[in-house]
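Below: the structure, in structure tokens.
Residue numbering begins at 1 within each chain, and the chains themselves are lettered A, B, C, D, E and F in the order written.
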Amino acid sequence: MLTVTRTVEFCAAHRLFNPEWPDEKNLEVYGRCSNPGGHGHNYTLKVSVTGNYDKESGMVINVTKLRDILQKEVVKKFDHKNLNDIDDFKNTVTTMEVIALTISGNLRKPFSEAGIKLVKLELSESDKNTVTLEPK
Amino acid sequence: MLTVTRTVEFCAAHRLFNPEWPDEKNLEVYGRCSNPGGHGHNYTLKVSVTGNYDKESGMVINVTKLRDILQKEVVKKFDHKNLNDIDDFKNTVTTMEVIALTISGNLRKPFSEAGIKLVKLELSESDKNTVTLEPK
Amino acid sequence: MLTVTRTVEFCAAHRLFNPEWPDEKNLEVYGRCSNPGGHGHNYTLKVSVTGNYDKESGMVINVTKLRDILQKEVVKKFDHKNLNDIDDFKNTVTTMEVIALTISGNLRKPFSEAGIKLVKLELSESDKNTVTLEPK
Amino acid sequence: MLTVTRTVEFCAAHRLFNPEWPDEKNLEVYGRCSNPGGHGHNYTLKVSVTGNYDKESGMVINVTKLRDILQKEVVKKFDHKNLNDIDDFKNTVTTMEVIALTISGNLRKPFSEAGIKLVKLELSESDKNTVTLEPK
Amino acid sequence: MLTVTRTVEFCAAHRLFNPEWPDEKNLEVYGRCSNPGGHGHNYTLKVSVTGNYDKESGMVINVTKLRDILQKEVVKKFDHKNLNDIDDFKNTVTTMEVIALTISGNLRKPFSEAGIKLVKLELSESDKNTVTLEPK
Amino acid sequence: MLTVTRTVEFCAAHRLFNPEWPDEKNLEVYGRCSNPGGHGHNYTLKVSVTGNYDKESGMVINVTKLRDILQKEVVKKFDHKNLNDIDDFKNTVTTMEVIALTISGNLRKPFSEAGIKLVKLELSESDKNTVTLEPK
């Protein structure tokens, strides 16, 4: 199996905070990540897709096409923003898991239209912490 | 499937040496890695786990909990040590494979108690060499 | 000349915004960096110091001492915070230049007490952008 | 399952160009990657193999053996070359996909002779673009 | 002193070759770097500038301005090109030293117009090799 | 001024320990770095040199020559060794400062013979700790 992976970055602020919980519980669960003013990260996102390998062009997907989709669906939306202000996260916390699931959902339609399929999505908020989503 | 990956580092000395072999065989099999005084590495370990995704907290596992387990089971034990002196490796060589299998074994109980499951463990001794263990 | 460099990271939110300017000027000067909700970075700070080389210990400065000072003066203060909320930046914008100058000022007293001297301070907000301060 | 991964680099020129297509189509499909004079990359290749774990030596494969095979089959052939000049790519374009498939084919015999099996091959032409091949 | 550093990348082919020398001398001096078909690199360029620190904006130079200059003078010109085909290098070899000196020359006018001064220019062709130019 | 920088790595064990001090003092000064069995690192060394820029070859120093000197004087001597066993460190501790000063001394003669001059030497034992030596 052949997959193509494109890596993008976005710099965003966020605060881990469940509005249905009292402050103490937020502090207990999320620790310093729930500081009221928020904090931020240079998020790194690696998106791996597969598709039909075209022998003539020698490509599974034109990486330029993949770049354009990620630029529109991820970078334009999230870069230099506060994630908590974004519609996608209005009713959720902004853990790496939720961000990864949200991006994965947002990519479904454009990927389907481009004839490609998400194989793996890796979101890192730092060199130390990463969440990986592999659709069944 | 959602997995959470935490990366830790430990700086350790080691020497590849099978005490049941004559020196020539150790040299033949392990080359300069069997130099009597040993050598060392900044080991990088990436541990990926899965568990039940909790919609309320938006987390598979609290990365703080994962960090604490790895701190106790890996960093405290191996960092700034000579691996050959550690009980875990008393009767074995200290190849990347053995270190990975040993850490994987050590993590079984604390991971089970934390309700998480090891999905992948990657141990790198340098930018060039990595061993990956994926439990069935 | 011998210098010792210690690298630390802090994850913080910020917004480039001069309160004495109208919104349009902020947008014109700072662009997307002035988005009202702010954004964030994994900042990397490299601090280089010099001092008297002690032949007996073989050290210019005990790197543990340097680590402790940076932990107290930088990481504790800035990590997982919104820089705009911090007293140090109450009346200033939070450009890399201002952050670097502020940290440099904060380090003067503890460095002097430790018998070391700041030689260079490099602050990066990403792989692309860095500010370097070299006191005369 | 245990796998061993070795990372190598090669610096090569290439030009994306299908000789059966008119220039306009090459430009349309490959964009600036079809510039007549070509361009180049520091390619990074990660090759992951598995085999029988030998308890006595503590190794799946002697990483020195793996290094030698990759040195002969990849680095010697491709490093400091123009990929378009190499016999392997005489009748093909030199997309990451084709390079990965070609290397995978070239490794089949030496890996088989060494008693190991290719599990994954990752070829990156930059920090942004990677192709991954996982044989079934 | 405050300096601002911007890092850009360009992927280019080149061949080390002095047309006034016989082939044997080129091979002797430049080794595999003189292979007729050329080879290539992901070049990394770090450009450090200084200027008047503006207290009001908190900036030495707007990093967006610096980015635009480098985009125009470096990336647009060199990225996805064969350096040997570029006018700048028509009568020279394309060693790192020559590329660095050429870029430095090209930046003189736009930097002067922007009121900034080149302090340091670092060009790397790989993780191993770098040339640094510091104008007096 | 033009300088050429070459980066090499060596994987070594060491123990910080002054034999003239009692164990308690070693522990107090060097902490866990004085663990009796030692520990180890992947050391990274960046050596910057300058020389006469030769317009004909376009080089300050042939990077192949620089590589050969560092291979002989640094990598061959230190890689996959225990630094404390090496003659160079028989009567000294093996702090980054001492290693940097020692390597600098060892390079004096071969650099002089090659017509180049050491400008800067950076030794890192990890991503966090670096020592820099700049001869006057």
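Heads up, the rule we're going with is that contacts are C-beta pairs under 8 Å (C-beta built on N, C-alpha and C of every residue); 3 or more make two chains touch, one makes a residue touch a chain.
Computed from a predicted structure; not experimentally measured.
Visitor: If you take the chains that touch chain D and keep only those that also touch chain E, what is left?
Guide: Touches both chain D and chain E: nothing.
Visitor: Moving only to chains each one touches, count the minimum steps from chain E until you reach chain F.
Guide: Each step joins two touching chains, and the minimum needed here is 1.
Visitor: Does B-F or C-F have more contacting C-beta pairs?
Guide: When the contacts at B-F and C-F are counted, B-F has more.
Visitor: Of all chains present, which has the mean Cα position farthest from that of chain C?
Guide: D
Visitor: Between chain C and chain D, what distance separates the C-alpha centroids? Give it in angstrom.
Guide: Each chain's C-alpha centroid was found; their separation is 42 Å.
Visitor: How big is the gap, in whole Å, between where the Cα atoms of chain A centre and where those of chain B centre?
Guide: The separation of the two C-alpha centroids amounts to 28 Å.
Visitor: So which stretches of chain C touch two or more other chains?
Guide: none
Visitor: Every pair of chains that touch: which are they?
Guide: The set of touching chain pairs is A-B, A-C, A-D, B-D, B-F, C-E, C-F, D-E, E-F.
Visitor: State the interface residues of chain A toward chain D in the complex, per the touch definition above.
Guide: It comes out as residues 1-8, 46, 48, 53, 56-60, 62-64, 67.
Visitor: What part of chain A is in contact with chain C in the complex they form?
Guide: Interface residues on the chain A side: 9, 11-14, 32-33, 35, 37-42, 79-82, 84-85, 125-126.
Visitor: Show which residues of chain B lie in contact with chain D when the two form their complex.
Guide: My answer: residues 18, 29, 31, 92-98, 100-101, 127-134, 136.
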